[in-house]
Each structure stands twice: as structure tokens, then as C-alpha cells.
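Working notes, structure below.
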Amino acid sequence: MISDILVIIVMVTGLLFFVATTVGIIRFPDFYSRVHAAGKGDTLSTTLFLGGAILFIMRDFSWDAMLTAGKLLLIVFYIFIASPTATHAIIDAGYEFRVPYWTRSSDKKGTEGDEANEENMDNGFYPEDLKG
Amino acid sequence: MNLEPFFIAMAVAILFLMLCNLYRVVAGPTVIDRMLGVNVIGIKTTVLIVLIGIIDGRVEMFIDITLAYALLNFITTLAAARFYQRISQPAPSEPEEALVAPSAGPEVEDVDAPEAASDPGRKETP
Amino acid sequence: MTWDASLLWQFDILVLVMMVICAVTALALQGLLSSAIVTGAYSFLICLMWTHMMAVDVAFTEAAVGAAISTVIFLGTAQYINRWIKKDPPREQGIKQLTLVIGVICAVMMLSATRDLPDWADPASPASTHLSPGYIEQGYHETATPNVVTAVLADYRGYDTMFEAVVVFAAALVVMVLLRRTSHKHRKVLHLRPKREGRDTVLRGAAQSIIPVMQIFALYVLFHGHYSPGGGFQGGVIFGASFILLALCYNLKFSMNRFREHLVLWCCACGVLLYAGIGAACLGLGWNFLGYAALADLLGVSGKMARSYGILAVEIGVGITVMAVMVSLYYDLASGGDLEEGL
Amino acid sequence: MDDLFYFIISKYNYWAAIILLFIGLYGMIVRNNLMKKIIGMVIFQTAILLFFVSIGVKRGATVPILKFSPDKQPLLDAAAYANPLPHVLILTAIVVGVAVLGVALALLQKIQRVHGTIEEDEILEDMRK
């Protein structure tokens, strides 16, 4: 009973993080902040979902269930390695192409900044190669 | 307590959020934005497969697929990143020169392969 | 009403709607890379669909192939072609509309024909009542293999699988013959990946921790295919993907030093030969081609265990061929055929 | 209302397969770019595979891997397992599909080398010259 409630709590927390990830991916204004949302929120919510699954499987103890739970732990570990690595690779590619980044418009005037970048962002400019 | 309705609700909720993420795949202004959306969809696919397994009652049969996804998922993303690193290098301006340039051969050799060179014993084995 | 709520139709409909959106997007977008990447999302969704239809072996194959191979070879090809699509020429607008009309008419005809098909997930449908119960009920007594799909794949339908392996082998040869260039006159413009001191450390660290696990997991999938989803096709694809990952994290030369091209071709041929050789050995012992029960005396086991071992040997052959073919496809397509600098 | 609901529930998978089939076919015929045609081919192919696997689904069935009772006896009830035959056919078809995709992409690279373009009308013009 307690473990069931624990499963529900963990999974609902994971769902909340996934909602936050989705909002971030849809609503954030530029590429870098979207990668930020995906890299952190997605990994954490996946970990929580799979953690809930592990708790559910471990409810009644048997060696088969232990083996399955061990495999799930392995999955969590490798997602924890692979997913941030993937976002790192994406952001590296974007940085190499100088994808324009977003700045707050109030900070725009009067401060030193990358003017070309701001112009690009305003005009919706993206490197040609990245649109293909 | 019967948790099956909870898992079904959870699976449908995750799918609905995946549908929202699909917006980034369809509309994303650049290719790497799309890549990001596909990455999120791929990682959540692993969760959904585990949930389907739990609902079916035989998770141990579904877990291998999930492990395969966990290990393979970032190959596509990595390939896209590598692709952009390669084409960010400007092509030689003189195509005639590039057509016959034999210097391209040795240059390939020393790009990024110090491990291969420093390790001649393992070169022979697959 | 006999429909069952546990079929999760909400789930199916959401996945299918997403699949249709992905398919339309992949064909409508102007850029080629975008289309290739949307096709990757399509692959994830169809894997989900197959898992939900309880086709775990199929889902496993799709997972390995869709996540590791197809998008990578799309991207590899995109390096060597024009990535920019121009607008379709206006003179074809009429043909386009005509195609649309004919397509819609055909689709409506096929949709109306679905009324005659058995209901979805009907246990009493003709496809599920004549041949397949025999495989499920007899398969374990005859082959000692709990995974019915593996038993049918390698034993009852062994010919089919053997020629599928031959087709895959032929595809690798065709790709090599099409792309290989010997003359140095037509050397293509090489885009070298820029040197990046220290910036690949994260990727290489991740690859170093993942590649060994991937290879061990591939062997597990191959040898455990009797008792869980898996088998030669899935294990081979995952093993091949480990070399692709190596090439992506370091470079093509590095991967080719580990797994040289002539060795790849030997592996391609040896897998098919192992499969056909086992079949021929059964023939030589006086049974049918691929009748593994002939090996019983040779191995000193009962007939049904001999069939189980025969299935295992055949799966190993398939695994070697598929692994080598996937690596060969990657080497050729990602380097444009001259094997010097890949993706 | 219930009848309509039952009708939709019992057929939607076939409808999805047919819709995907014609999306792929339309893309293959209409798009001018050869790579788009290849993507149309992939979608066409998966639609057929989806139809095949749909045939083998059974309500209340589990994966076609035998279950064992605690005393190691297999449960041999055909109604409890999904139909394994379509799975076998489709499993091999996917790997062959990747091989076909590889050959198609190799042809694409070769066409680009010979004609310098992968647009269908430009290739035809180039061939007429």
C-alpha cells in the first residue's frame, strides 16, 4: 500500500517535470534555452518514471523481479549518460553555426552586445545550412 | 491496490505531451530544433515501452527493447552534430585544384587519430 | 458490444495521429535533412505501435534499425547531394491534382473494403485460427524454444530467412560496387571535419562507457533469443551500431582500423555460408535441407534439442551477416565510397 | 451511437494503414526530388508492415513467448498469445527494408555524381542533351 502510494508520487512528479520540459521546448524563445529545457527536464523526468517502475516491480520480491529491476537501473544509468551527451552534441553543432541567441529587449539598447546577433534574432535569421 | 488504470492514464498523458513536443519537430525553425524534439520523443518512447510492459504484466519481455533504445538513442543525434561539424568547414574555393589535390589524402590520415597511431598492436585486430 | 477497454484504443489513436502528422511533414518539408530527421521520429512512433500490438521482436528490430542505422545513412548521403530542393515546376500542377484525385478514389475504395476485413484484434479471425495455433501449440514440443517467433523464423520458415540474409548480403555488395571509385582523377572535394582539440572529450567518454556494454548486450540478445525477444537480426544490428558509434565519436579511419573492410566482407559472406552450410550438412546426413533434427546423432542429443541448437547456429550466421552488412553500408554511404573521411 | 463507436474501434488500424499507404504513394509520385521519393517509399513500406502486423493482433493476448507455470510446464493455449506468423515476416522485412534503403541511397549518390543533381526534371533534361 505504502509502496503503491510511493509509485504514484514518484511518477506524478516525473509527469510534472515532463510538462515543464514540454512547455520549455514549445515556448522558449531561442535554441539554446530549448536545449537547456530538454537536457535537464527530460533526463530527470525519465529517471523518475523509470524509478517508479522499479518501485512497482520490487513490490513483491522474487529473483526474476530483481533481475528486471537491475536491468531498469542499468537503463536509468545509460539514459543518464546518453541523453545529456546528445544534447551536448546538438548544442555544439548550433554553437559552431552561430545560431542567434535571445536577449531581453530592455537590455538591448545602450549596452555592449553582439549587435549582429540581435539583428539576426529580430529578423528571424538562421544560418542557411541549418534550415535544410 | 490496482494500479493499472493509473499506468494507463500515465501512458496516455505522456503520449499527449509527446504530441505537443511534435510541434517542435514539425515547426522548429532549424534542423537542430527538430533534432531536439526527436530526441525527447525517443527518450519518452523508452518510458512508454516500460509502461506497456507493466500493463501487459510481463515487463521482462519488454525491457530489452528499452535497453536497446537507451544505448542507441543518441547515435542519430550525434550523427547530426557530426554532419554539421563537417559542412561548417568551407569547401575549397578552387574546384579544379580540389579535383586533383593529392594532398587531401595524407591530411585525412592525421585528423584526429592519435589513438590509432599510438596503438599499433591493436591495429591489426578487429 | 464486445470491445474490450484494455485494448487502449486512446493510446493507439494518439500514436496513429502522430504517425500521420510525421508522414505528411516528412514529405511536405523543403529541406532534405529535416525530412530525414522527421522520418526518425516516425520510426520511434511505429516502434511504439508495434510494442502495443505485442510484436516485441518486430519492435526490437525497428528500435535497433530506426535508432541506429536509417537516419545515419540518410545523413551520410546528405553530405554528397544537393541539400536544397527547389519548388516543384509549375507545369506539373495538373498532374499533381490528377494524382491526388486518383489516389483519393483508390483510398476510398480500399477504406470501404475494410468493412469485409475481420474486426481488429478479433481472436477468431481467419489469420489467427488456421496455421498459427499449430506453431504455438506444437512449437515447444518440436523445437524446445519458448520464443515462438524465433522458432518459426529459423526452423519452420528457414528457407525464407536464409534468402533474406542473401538479399541483405547482395545489398551490401551492390552498394559497394555502385560507389567504389578507383581512379584518382575524379577525387571528390573532401570536407574534413575541423580539428577540435579537447572538444570531443565528452562524446568520447560517453562512447567509451557505452560501446563495450553495447557489444555485450548485442551478444546477449543474439544468444538469449530463444527465451526473450531478440535473435540474429537484432543482435547483428546492435553490434554493427557499436562500430558506427565508434566512427562517429572518433573518425572513420579509427573505426576502420578496428574492423577492416576486407574483414567486413569476409564476415558478410561467412554468415550466409554458415547458414547454408548447416542446411547442406542436414542434407548430407540424409534429411531435408535445414532439417536440424539430422544433427541429433552428431551432437548426441535428442531430436528436439538438436533443432534448438540448429536454430542457435543459424541465428549466429544471420547475426554475423547483418552486423557486417550494416557496417559496410555505413562505411560506403557515409564516405561516398572512397573510405577516407566519413561522417 | 454505440454501433458507430464499435465500428470505429474495430477498424481504425486498417484505416491508418491505408491513409499512410496513400500518403507515401502520393509523395512518391508527385515530389520532384529523388530523396523525397525514397522517404515516400519508406512510409509506403511501413504502412504495409503495419497492416500485416495488425492482422495478427488478438484481444487479451500477450507476446508470443511461452509462459511457464511454477513447475516449469509451458502454457500452450493459442488464444493467449498473439499470432507469431506476421511477426516473423515483418521482422525480416524491416532488415531487408534497410538494405533496400541503402541501395536506394547509393543510387542517389551515383546519380548526383553523374548528373550533378537529384531533381527529376533536371536529370531528364541532362539525359536529353
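Which chain is which? They are A, B, C and D, in the order written, and residues in each are numbered from 1.
Going forward, a contact is a pair of C-beta atoms (placed from the backbone, for glycine too) under 8 Å apart; a residue touches a chain by one contact, two chains touch by 3 or more.
Because the structure is predicted, anything quoted here is derived from the model rather than measured.
Chemist: Going by the contact rule set out at the top, which chains touch both chain A and chain D?
Modeler: Of all the chains present, those in contact with both chain A and chain D are B, C.
Chemist: Is the number of contacting C-beta pairs greater for A-C or for B-C?
Modeler: Comparing A-C with B-C, the pair joined by more C-beta contacts is B-C.
Chemist: With centres defined as the mean C-alpha position, give me the chain A-chain C separation in Å.
Modeler: Roughly 29 Å separates the two chain centres.
Chemist: Using mean CA coordinates as chain centres, what's the chain A-chain B distance in Å?
Modeler: Here chain A and chain B have centroids separated by 14 Å.
Chemist: Need the CA-centroid distance for the pair chain C / chain D, whole Å please.
Modeler: Measuring from centre to centre gives 12 Å for this pair.
Chemist: Of all residues in chain A, which are in touch with two or more distinct other chains?
Modeler: If we look for residues of chain A contacting two or more partner chains, we find 78, 82, 85, 89, 92, 129, 131-132.
Chemist: Can you list the residues of chain B that touch 2 or more other chains?
Modeler: 31, 35, 37, 56, 60-62, 64, 67, 71, 73-74, 78, 80, 82-83, 85, 87-88, in rising order.
Chemist: List, in ascending order, every residue of chain C touching at least 2 other chains.
Modeler: Residues 31-34, 54, 56, 76, 78, 203, 206, 210, 213, 228-229 of chain C each touch two or more of the other chains.
Chemist: What are all the touching pairs of chains?
Modeler: According to the stated criterion, the contacting chain pairs are A-B, A-C, B-C, B-D, C-D.
Chemist: Which bits of chain A are touching chain C when the two form their complex?
Modeler: Residues 78, 81-82, 85, 88-89, 92, 129, 131-132 of chain A touch chain C in their complex.
Chemist: In their shared complex, at which residues does chain D touch chain C?
Modeler: So the residues of chain D in touch with chain C come to 2, 6, 9-16, 18-27, 29-33, 35-36, 39-40, 42-43, 46, 49-50, 53-66, 68, 74, 76, 78-79, 81-92, 94-103, 105-110, 112-113, 117-119, 121.
Chemist: Spell out the residues on chain A that touch chain B in their complex, using ranges where they run on.
Modeler: On the chain A side, the touching residues are 1, 4, 7-8, 11, 15, 18-19, 21-22, 25-26, 31, 34-35, 38, 42-43, 46, 49-50, 53, 56-57, 64, 67-68, 71-72, 74-75, 78-79, 82-83, 85-87, 89-90, 92-94, 96-97, 99, 124, 126-127, 129-132.
Chemist: Touching residues of chain D toward chain B in the complex: what are they?
Modeler: 62-63, 65, 67
Chemist: Give the list of chain B residues in touch with chain C in this complex.
Modeler: 8, 11-12, 15-16, 18-19, 22, 25-26, 31, 34-35, 37-38, 41-42, 45, 48-49, 52, 55-56, 60-62, 64-65, 67-69, 71-76, 78-80, 82-83, 85-89, 91-92, 95, 98-102, 104-105, 107-109, 111-113, 115-116, 122-123, 125-126
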